[in-house]
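Have a look at the structure below, then the notes.
Lettered A, B and C in written order, each chain numbered from 1.
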Amino acid sequence: MKSYRKELWFNILTRRSFVNITPQVEEALRASEIREGMILVNAMHITASVFINDDASGLHQDYEHWLEELAPHEPTSQYKHNQTGEDNADAHLKRQIMGREVVVAVTDGKLDFGPWEQIFYGEFDGRRRKRVLVKIIGE
Amino acid sequence: MKSYRKELWFNILTRRSFVNITPQVEEALRASEIREGMILVNAMHITASVFINDDASGLHQDYEHWLEELAPHEPTSQYKHNQTGEDNADAHLKRQIMGREVVVAVTDGKLDFGPWEQIFYGEFDGRRRKRVLVKIIGE
Amino acid sequence: MKSYRKELWFNILTRRSFVNITPQVEEALRASEIREGMILVNAMHITASVFINDDASGLHQDYEHWLEELAPHEPTSQYKHNQTGEDNADAHLKRQIMGREVVVAVTDGKLDFGPWEQIFYGEFDGRRRKRVLVKIIGE
């Protein structure tokens, strides 16, 4: 069994954003030389997500609006977590909706994807350096 | 390390439905002849889910009602994604709640499940052919 | 390829609770002697979650309050699932928000975690014995 590990670094300039990281994940897969196996892509921070969906800006605006409805940022005082001086409790909630990680099949050296699947980094508390982990196991 | 891949095809006749796919996943596992490892089951489409829960029709009606409350289909004009002529933005949201994939342990040639765990395909934008991927790695 | 399996048992005395199970998962990883691979940690019951987030009591109170808003326990009669005599339909919904499982990279014999990542068992229908599965594959 072979394994491969790579960190992807981000410094999102806004509080929230979605970034298509499929090209970086594909590059890691090529570098791994693994042909059959599984690839794990996960946020290493607990106020961010990695998820798979469509690369469509309208949809991403819908996600942004919907997540603000389900777990609003304001008023920040509504969350106990923010009593410690933080203002990012909502980011911890949003991340649970969108998920921490994805696991993707590797077949014939490629991400084994359906027609529209793309991998996104979802930032919910940006304006600082944060990481995503890519781990690949297989042969 | 051995690996095995199979696609399961669906053509759900309604917009939304839950289908128990445990027997098909078990059949793929038997065909793989893998005794120890992990199995990934994921929707290959971004308006569908694969998830694990109970095979109970009342619960599935509760999920249907609850997902409609959290991410209503109507009015379709409330979503930016639908301005492109689509009407399935809600399906992209519902799928994030229910998840894209499950990873299940394979032990002694079987799905290593608790007493009530069953695998479901969750369709949120049906009436066309769509796929689920089963990928198994192990020995 | 090596594999390792362990069950963790819980008997939570309240209906709902979050328990940090990172030490038990680390102990299983040490016992496995696996240095590179992936570890799956999943609830074996369908009214419980395994998830990764911060070990902060204020945040856990925020999760509790938020999940009660998104999927209230009362009135229990609002759920079809409860017509069978159960009162735990809300627990099946809450578990979908928080997730069934996490997959974590194993690197150099350790959980390959970011600075604040901790693994939690989320109980939504306690007061009885329930299990979490730890499965590790790698070398």
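Criterion: a residue touches a chain if its C-beta (ideal position, glycine included) is under 8 Å from a C-beta of that chain, and two chains touch if they have at least 3 such contacts.
All values reported here derive from a predicted model rather than from experimental measurement.
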**Message:** Is the chain-to-chain touch network here best called a line, a ring, a star, complete, or other?
**Reply:** complete
**Message:** chain A and chain C share one sequence, so how far apart are they rotationally when you fit their Cα atoms? Give it in degrees, rounded to a multiple of 5.
**Reply:** 120
**Item:** Cα-centroid distance, chain A relative to chain B, in whole angstrom
**Value:** 20
**Request:** For chain B, jot down the residues that touch at least 2 other chains.
**Result:** 1, 38, 70, 97, 99, 103, 137
**Fill in**
Seen from chain B, its contact residues with chain C in the complex are 1, 36-38, 51-54, 56, 58-59, 61-63, 66, 70, 97-99, 102-105, 107, 112-117, 137-139
**In the complex with chain B, residue positions of chain C that touch it** = 1, 3, 5, 38, 40, 42-46, 70-71, 79-84, 89, 92-93, 95-97, 99-101, 103, 131, 133, 135, 137
